[in-house]
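You will see two complexes here that share subunit A, one where it goes with subunit B and one where it goes with subunit C.
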Partner chain A sequence: MDRHLIAQGAEGKVFLGKLFGEDVVIKERIARKYRHPLLDAKIRQKRILQETRNMGKARKEGVPIPAVLFVDAANCVIFMEKITPGITVKEFLLKAQDVSKEIMIDLAHKIGRNIALLHNIQCIQGDLTTSNMMIKPFVSLGAELNDSNDIIQEILKNKDVGTVYMIDFGLSFISNLPEDMAVDLYVLERAIGSLHPECSSLFEDILEGYKQNCTKANINLTRLSQVRLRGRKRLAFG
Partner chain B sequence: MLALGIEGSANKISVGIVDEKGNILANPRKTYNGPPGSGFLPKETAEHHRANILGLIDEALAEANITMDNIGLICYTKGPGMANPLSVGALVARTLSQMFEIPIIGVNHCVAHIEMGRLVTGAENPTVLYVSGGNSQVIAYNEGKYRIFGETIDIAVGNCLDRFARILKIPNEPAPGYNIEQLAKKGTNFIELPYSVKGMDVSFSGLLSHIEKIADKYPPEDLCFSLQETAFAMLVETAERAMAHCNSNEVLIVGGVGCNLRLQKMVQEMLEERGGMLHAMDERYCIDNGAMIAYTGLIQFLSSGGMKLNDCIFTQRFRTDEVDVTWRNK
Partner chain C sequence: MEFTFELFPEYTLYLQLYINLTNSSELRANVRNFDCAFINPSLITSIKHILVAANRAISGVKTNTKKTDSIYSDLVYYLSPSCNIRSTLSQFGIQDSSTSIIIACFDPQTLITMDSAICGSKDSLDTLASFTNFKEIQSIFKISDSELSIDHSFTNAVSSRIALKDL
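And then the complex of A and B:
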């Protein structure tokens, strides 16, 4: 099958390829030699099911998520919709110049809403970072977007980011604990702080969007302030 | 310049003498072990350290063929560790410093493991897997600090192994983890155990309580084998995540559990798939020792000076990322 590698993480590999003639993203969890074969099979099977299940649930709830097209559970491969034209939020924030306040708030509110909808169905994304979110802009008629700069220009021109997709549910899980939801948000806060320190109000604006859409926003945000105080870490011993 | 380092944060007491190039002139060590079925308790461990520390200092000086007049710096473990054992090293270090009018410096135990590892293996800027009886952390250097990318959210991996050794009543000599490793070599059947990785963090307490419950249902060899396979796979997975995050290609394993050859092999296999490189050490340097404290104290002293006697306290809680790493560039 014709495919080319676009990313390699700790879990597996991500390719671009074709399925029935359509462009798709192929995510494959490869067997790891260092793990005992029984343990390895168990972990990969469990995670691929968890991932696809949570993606399906979230999509039903109205969170923009790439559609899962086909799952090859035996080989631990997921075929999913390619977000095109698309750019990760990380790349947008790092590359785009002179982004208006209006667009930033629009982006933040959409991210906040997505997270809120996930938390409303007790879905914890588990790895919220700006590289796990993608922007798909509204494309004006006849516009050709060939690379990320074109996409950025299109977003800036539209004064609206378009649709913000949540991708990579590899570490997602189901939980109704405020603690897990608060940590989910805290992970994002830390990621934004270290990757986009200049976007100081971004996280605050995300929380604004979160509050408007999450049914248990108050409890979770109170918890978040506790998580912030203690940090994620325990104090080391011996 | 020669530095004398005293390490006594857990059940080992050790005195090391090094020069600023990292040559180790002496590094004797004594280990306190509880009886089978029991761990080492703070009071008894401190008594052991008190009984042995002066003898070890004499032994180290004799082995290096020098006297206290040749020593230019006294280093001791400031923390983290158990309070009573730590107090012995700190007290002796302060006394030596005043008696012989030698500068003194307190050292972070975890940072000392890392610096010793870099010295012995020549690793430049590795992702560090620090695994011992008290710690399980994945660490990488970034902007003046050793940052903790992932760690255990409850007990350390070594603690998990030690406590399981107590359940099986395996001898604590020479080390409970070593005896588990030997039993595990004979294990063949893999028993399914809870596997818990949360992003970059790991958890071992559920694994321990589960295996405690089934300990009498399976042969000890298979239990040890499955425990190692499961616990180490969790560590290797988080180490790999950290590597992907920091674009790093080397791994340095430090801490007592780092001597485990099965863990080293698993990390090696993970790295082969990525084209990376493993730096591992043997038990002389992996296990707590005085030379690592002496060497780290010395490079710290040369870059940012010593400490006032008033500041020479010890503390049970002292995080790896609290230390300003003044001796590394970038």
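And then the complex of A and C:
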């Protein structure tokens, strides 16, 4: 089967390929040669199941997440829907010029809502960055979107970002601790601060959207201010 | 209509829709003697729904993790979100009162055998959507309105559940 590599990380490779005649994203966890083969297979399998389960669980709550089409647990491969047309939030923020306040607030509120819905079901995404979110714009009739510039123009024209998808649940886990949720938000704040320093109010707008949708927003945000003071890692006592 | 699988190129799935079925109780009684799957079209969102289930059924045969005794009952089993084999087979398979049915098999020869066994008329699979009972699908698969609002696709919601079923 022909597939071509679009991204590689420390633990996995992401390909574009075909399944049922449609374009799909294929995510594969690669074997780590330094681990014992038996242990390696167990770890990879456990992680891939955790990832897909969390994706399914979150999708049921209405968080936009690509549909999983097939999980090959034996080979640790996930086949999922390709978001098309789509662009990562990171690329949008870096490339788009003259983005109106209105669009930025819409984008931030949708991101905040997504995170809040995840936290409502005690799902911690674990790696919230702008490259792990994708925008799927509403496409007007007859519009052809061939590259990311076309997509950006379409978004600016619509005055609405469309649907903001959350991708990559590779580090996600289930926890009901305010600490984990606050760290989740803190990671995003740091990511935005270093990647998009000019979008100063983006994170505040995200928190605004988060507050409106998260049932435990107050506790988590109080915790966030504590996390800010000390950083992501907790001081180890005892 | 025939469909191929990118992951399992040695398999080809053949589908045929029959309407105005008159001998469904007879077919149901002999379900085990036929080398094919009987699928209730009213609970199928799209052809992709069947393909996702067929893909899982083939992968079960390949990895020796079949849930039921044949690839065809596995196919029907993977159409549903429930893990109860018995109720799934009666709900998503053929019923005594069925008036329309989809035949799925991996052997083109079976289609010819089935054609003589079935009292009904063939129809194109393009009309599949007119049989679908989306209200019932929504309640069986427990699809919330907020999930549907993501992309308004029943097929995506359904395939997500099938792909994650008893993993």
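Everything that follows uses one rule, which is that the second predicted complex is superposed on the first by the 232 of 238 C-alpha atoms of A that agree within 3 Å, B and C clash if a C-alpha of one lies under 4 Å from a C-alpha of the other, contacts with A are read in each partner's own complex, and residues count from 1 in each chain.
Rule of thumb we're sticking to: a contact is a pair of C-beta atoms (placed from the backbone, for glycine too) under 8 Å apart; a residue touches a chain by one contact, two chains touch by 3 or more.
Just so it is clear, the structure is predicted and the values come from calculations on it, not from any experiment.
Visitor: Please tell me which partner, subunit B or subunit C, touches more residues of subunit A.
Guide: Between subunit B and subunit C, the winner on subunit A residue contacts is C.
Visitor: With both complexes superposed on chain A, which partner does A:Glu81 reach: first (subunit B), second (subunit C), both or neither?
Guide: The answer is second: A:Glu81 touches subunit C but not subunit B.
Visitor: Name the contact category of A:His36: first (subunit B only), second (subunit C only), both, or neither.
Guide: A:His36: touches subunit B, not subunit C.
Visitor: Give one of first, second, both or neither to describe whether A:Lys101 is in contact with subunit B, with subunit C, with both, or with none.
Guide: It touches nothing on subunit B or subunit C.
Visitor: Applying the touch criterion given at the start, work out whether A:His4 contacts subunit B, subunit C, both or neither, answering first, second, both or neither.
Guide: A:His4 sits against neither subunit B nor subunit C.
Visitor: Given the touch rule stated above, what does A:Val187 touch, subunit B (first), subunit C (second), both, or neither?
Guide: First partner only, subunit B.
Visitor: In the superposed arrangement, does A:Leu171 touch subunit B (first), subunit C (second), both or neither?
Guide: Only subunit B; A:Leu171 stays clear of subunit C.
Visitor: Please give the residue numbers of subunit C that touch subunit A in the complex, ascending.
Guide: Its residues touching subunit A are 3, 5-7, 48, 51-52, 55-56, 59, 63, 142, 144, 146-147, 149-151, 153, 156-157, 159-161, 163-164, 167.
Visitor: Give the list of subunit A residues in touch with subunit C in this complex.
Guide: Touching subunit C from subunit A are residues 1, 17-20, 22, 49, 52-53, 55-56, 59-65, 67-74, 79, 81, 163.
Visitor: Can you name the residues of subunit A that touch subunit B in the complex?
Guide: Going through subunit A, the ones touching subunit B are 8-10, 32-36, 38-39, 42-43, 126-127, 171, 187, 232-238.
Visitor: Residue numbers of subunit B touching subunit A in their complex, please.
Guide: Counting only subunit B, the residues touching subunit A are 9-10, 80-82, 109-110, 132-135, 137, 148, 151, 153, 156, 190, 192, 195, 198-199, 201, 229-230, 233, 236-237, 240-241, 243-244, 265-267, 269-270, 272-273, 316-320.
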